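Take a look at the structures below.
What follows is a pair of complexes built around chain A, which joins chain B in one and chain C in the other.
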Partner chain A sequence: MMAPLAGQVVNLFAAVLLLIAFAMLSQRRIVALINLFALQGAALVGSTATVAFATGQKHLYYSAAITLVLKVLILPWLLHRLIRRLNVKWDIETLINIPTMMLVGILLVIFAFNLALPISEFSQSIARGTLGIALACVLLSFLMMITRSKAVPQVIGFLSMENGLFFAATSATYGMPMVVELGIALDVLVGMVILGVFLFQIREQFDSLDIHHLEKLRED
Partner chain B sequence: METLLALLVIPLLGGLSLWALGEHERAPEANSLFSLATLVASLFLTGQVISEGPVMGVYEQFSVDPLNVFLVTLTAFVAFTTSLFSRPYMRTERDKGRMTPGRLRLYHSMYQVFTFTMLLALTTNNMGILWVAMEAATLATVLLVSVYRTAASLEAAWKYFILCGVGIAQALFGTILLYFAAERVLGAEGNALLWTHLDGVKAQLEPAIMKLAFVFLLVGYGTKVGLVPLHNWLPDAHAEGPTPISAVLSGLLLNVALYSIIRCKVLADGALDSRFAGNMMMGFGLLSVVVAAFFLSRQRDIKRMFAYSSIEHMGLMTFAFGMGGPIANFAGLLHMTVHSLVKSAIFFAVGHAAQKAGTQLMDDIRGLLKTNPTIGWGLLIGTFAIVGMPPFGVFASEFLILTTAMREHPWATPFLLVALGVGFAAIFGRVQPMVFGDSRLPRLAHQPALTPVFVHLGLGLLLGLYIPPYLAAWYAQAAKLIG
Partner chain C sequence: MTLEGILAQLAAMIVALVVAPLLMGWVNAWRAILQNRRPPSLLLPFHMLRKLFIKESVVAHDATALFRIAPYIVFGCMLLAAMIIPTLSTNLPMAPAADAIALVGLFALARLFISLAAMDIGTSFGTLGARREMLFGFLAEPAFLMVLFTVSLIASSTSLATIVSSLAHRELAILPSLAFAGVAFTMVSLAENARVPVDNPATHLELTMIHEALILEYSGRHLALMEWAAALKLFAYSCAGLAIFFPWGVAQANDHVALLWALPVLLVKLAVGGFLLAVIETILAKMRIFRVPEFLATAFMLGVLALLVHLLLGA
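Presenting the complex of A and B:
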């Protein structure tokens, strides 16, 4: 009785995750983008905790807790602090062709589902149907990184790609071994701190966070 | 077991204490000392593996077998010699005002942390920790690439960070799939990602999952190897960072990334029952060799040119491991060793030459033999070695790879020969006027460290003429392990 309901709830969270990935793709305000990222983290916590509750996998509670602390609290807080100090809080990016991007996004989702379908059949996890969604989230974040021209949205795309990967780990299996998950969390945190330092260096040098300044090195 | 821990603890401790120490006149020597201690630990570990066989430690989380122990020694050795080279190099940079005390502190501390991540990636038995270590290696070096804070170096570091980050994210997805396949056989527990356990059950891993997993792992770690078309970060990061960092990127990081792919290939081969993994590697490898060779001739920056040469050689190794079999694997391992030694030696010589000329543009570097004969000879001999002239080791391994390719995959041979020929002409044509000719450049203020250059080249020469029997046995054992 428990498992089907839990499966439904996980599917719901997965749908929310995918929706947020699309919302991020079309969001132009940096502040809103950070909030969406925090929301995505929250959905991830919800789905991980549901799987943990339904299957009684103890270590999934820990990884849900790590996600909560890292991706819902610390990283958004760091990002908010960063954009305040960089003074880009109210920046609006001009995105061209949002409808086209949405269409490309839909194609990516179809591709991801096709790729994941034969594999997810092997899974015994209650969330096996969601592997396709996880891969779709990864690809959508990738698309977002390619289409953005400002540094901070690129970073958020990078972090949201990591969210998608984490979701893949909980949906295909019941999460990675604890030691690996801790290592990944540490890498993400350190990476974020280094990126913060780095963004200040870029700003100092170019007086802007536009990536177009970073396209001088080419083959001639 | 204790030696294994010492090997990892020493560089980590070194990184922390060099950071705590702050900038100090003797910091470069302390850096070398830590690297020397790491090298000693690696030699003890090697002795242990030779006499007692594979070493496991900490609930099987670490494992050292013939394949990685030789890379551990090589890594520790190149890290030590590079730290020797970086002493006068960094002092000169400081005098020029390009390195401030704060930057030097960051540099020395991160140098040790980088060594730590490389050794962790090599010795860990856990495929997840391998991923964590590879990502940590990027994080440790990204601020070093941008250490000069010029526009070009910031761009290079940003590219390095984003491209390697995205690449390594693919590898994480591959690792997740690998765990997914393993969990069905080994059960959901911490041991399902341990390579030795996976190796034992590789025939039972689900082929459909392993196929997809290997593609993601190859693309992910392949980004770090610098395989075309994922190589964009590599020439920039090599050219814009300090030269000791170029030397360790080429000499260590690329090797370790390729090592990760080899580990994954062993598992994929066992599961797949086809040559899928090998063919993918051969394709990427061949493309890298050919594309890099043609880019070589268009370079004007000396460090960029040798970075493309690294892509070419990494492609050749990937191709060799893709062919598989005892001879090709043997040649691949030998090539890994000699390429590491020779390429880092070249970067040492290039670093001093560029410092002397005050530029990295090859058109402005002239007459090295006249003003600084040792740098000139180092660069000239290094170039001879890297383009594959006999009797250097690169010739021996390239010869083995080519003859195996002729026998097993004759279609690939013309591509390889043309690419190697083009590479030869491009590099040699560029280096020759830099070495000969006239120049009135001033001498360097700090005595350049050229011993490492000649030690590396001497070893490269030795490996071309004579491979000691225990080393040959060791390579053969490792080659058999790869299959």
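Presenting the complex of A and C:
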């Protein structure tokens, strides 16, 4: 009785994750983007805790707690502070052609679902169907990083890609070993700090956070 | 086809004809209350229809026969749509006549005629409205179809009556695909019924209007039929949404007690739905016309996601 309901709840969280990935793809405001990222982390915490509860895997509780602290509280707080300091809080990015981007996103989702279908058949987990969704989230984050020209949304895309990977790990194999998870969590945190410093450097050099400035070679 | 079925069908038709203007009045009254105005009478749409039916119908010199017959065709389409959607009971003799996909076709037929009639006169307002209506229709239709495909897959039938009865009898499960489809359906209904984020139903002379621009040249009984058809369309969409996503209380075949209960349950559901519609219309601002394709693309995306999530997760 317990397993089907837990499976349904995990499916629900997976659907929410996918929805948030699409919302991030089409969101113009940076502040809203950070809030969506925090929300994605919260959905991740919910699904991890559900899997932990349904299967009795103790270490998944720990990883849910790490996710909660890191991705719902610390990283959004860091990002909020970053955009306040960079003075880009109310920036609106001009995204061209959102409908086309949505269609490309849908194609990516179909591709990911097809790709994941044979893999998930090997898995014994209660939430193996969600592997496709996790892969789709990763690909959508890629798409977001490709289509954005400002630096902060790209960083958020990178972080949300990690969310997708983490979800794939919990849904397909009940999570990675604790050491690996701690390592990744620390990596993301440190990466975020370094990227924050990097953003300040970019702005100092070019007076803008537009990535296109980095494509030209300069000899000085 | 039994006598009982015919009676249920007749009852559904009369309920549709009476409740549709009432629903309009209800939504308008709540809009007024939420905007701190004194609400008009709930019966105002009836008085307006009576007044318009009494008045003389003036037709432009250049109008062809198409302009005159369009209101009857539009009204007929909307009435038929309201009749094949299981509002009170799933035992409808008309139901085999048209399934969920034909329902979209009926709406498309009405849209085609209302746009042709608007272009028939040759005023710039009519042409402008017709072009916008066709553009939004062409974007809204795929989204609506995706929603219907999703529920058809869940119920493994495209017949509306079968969909509703199988959804009502399913054991309770969390279905993310239905939630996505529900949001997509709400967005499509807002666009199709010319409600606020897309069009403002209260406006009568603005460059941004769509629905009102189409029927600007109509008067008298023609206008009455058009207004009634618009009310029926809102009623049909609301009932379709309620029947698919909140199917409890719709009477099943040969269930007499449930049939008696079905009307009060439907009225309560419509009252809540109408109130929510008024809230949506009050808190949202009308969006720029070039943002509407984005809005409808989002609805389409949600519909496709619902379909994919259902196929992949079986939920």
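To be clear about the criterion, the second predicted complex is superposed on the first by the 216 of 220 C-alpha atoms of A that agree within 3 Å, B and C clash if a C-alpha of one lies under 4 Å from a C-alpha of the other, contacts with A are read in each partner's own complex, and residues count from 1 in each chain.
We take it that contacts are C-beta pairs under 8 Å (C-beta built on N, C-alpha and C of every residue); 3 or more make two chains touch, one makes a residue touch a chain.
These numbers were taken from a predicted model, which means no experiment stands behind them.
Colleague: Would you mind checking whether chain B and chain C clash or fit side by side on chain A after the superposition?
Modeller: With chain A as the common anchor, chain B and chain C both fit in the superposed model.
Colleague: Which touches a greater number of chain A residues, chain B or chain C?
Modeller: Comparing chain B with chain C, the partner touching more chain A residues is B.
Colleague: Applying the document's definition of touch, where does A:Leu159 land relative to chain B and chain C: first, second, both, or neither?
Modeller: Neither partner.
Colleague: Between chain B (first) and chain C (second), which, if any, makes contact with A:Tyr174: first, second, both or neither?
Modeller: Only chain B is touched by A:Tyr174; chain C is not.
Colleague: Return first, second, both or neither, reflecting whether A:Gly183 touches chain B, chain C, both chains, or no partner chain.
Modeller: first
Colleague: If you stack the two complexes on chain A, which partner ends up touching A:Leu86: first (chain B), second (chain C), both, or neither?
Modeller: neither
Colleague: Tell me which partner A:Pro99 touches in the superposition: chain B (first), chain C (second), both or neither.
Modeller: The answer is second: A:Pro99 touches chain C but not chain B.
Colleague: With both complexes superposed on chain A, which partner does A:Val138 reach: first (chain B), second (chain C), both or neither?
Modeller: So A:Val138 only meets chain B here.
Colleague: Considering only touches as defined above, state whether A:Ile110 meets chain B (first), chain C (second), both or neither.
Modeller: second
Colleague: Put simply, what angle do chain B and chain C open at chain A, by C-alpha centres, to the nearest 10°?
Modeller: 150
Colleague: Quick check: superposed on A, how many Å separate the nearest Cα atoms of chain B and chain C?
Modeller: 19
Colleague: Do chain B and chain C touch any of the same residues on chain A, and if so, which?
Modeller: Shared contact residues on chain A: none.
Colleague: Over in the complex, which chain C residues touch chain A? Could you list them?
Modeller: It comes out as residues 173-174, 176-177, 179-180, 293-294, 297-298, 300-302, 304-305, 308-309, 311-315.
Colleague: Please give the residue numbers of chain A that touch chain C in the complex, ascending.
Modeller: So the residues of chain A touching chain C come out as 8-9, 11-12, 14-16, 18-19, 22, 26, 98-99, 102-103, 105-106, 109-110, 113, 117, 129-130, 132-133.
Colleague: What part of chain B is in contact with chain A in the complex they form?
Modeller: Listed in rising order, the residues are 61, 126, 128-129, 131-132, 135-136, 139, 142-143, 146, 149-152, 154-159, 161-162, 165-166, 169, 172-173, 175-177, 179-180, 183-184, 188-190, 192-193, 206, 208-209, 212, 236, 240, 295, 298, 300.
Colleague: Residues of chain A touching chain B in their complex?
Modeller: 57, 115, 118-119, 122-124, 135, 138, 142, 145, 151, 154, 158, 161-162, 165, 168-169, 172-174, 176-180, 183-184, 186-187, 190-191, 194-195, 197-198, 201-202, 204-206, 211, 213-217, 219-220
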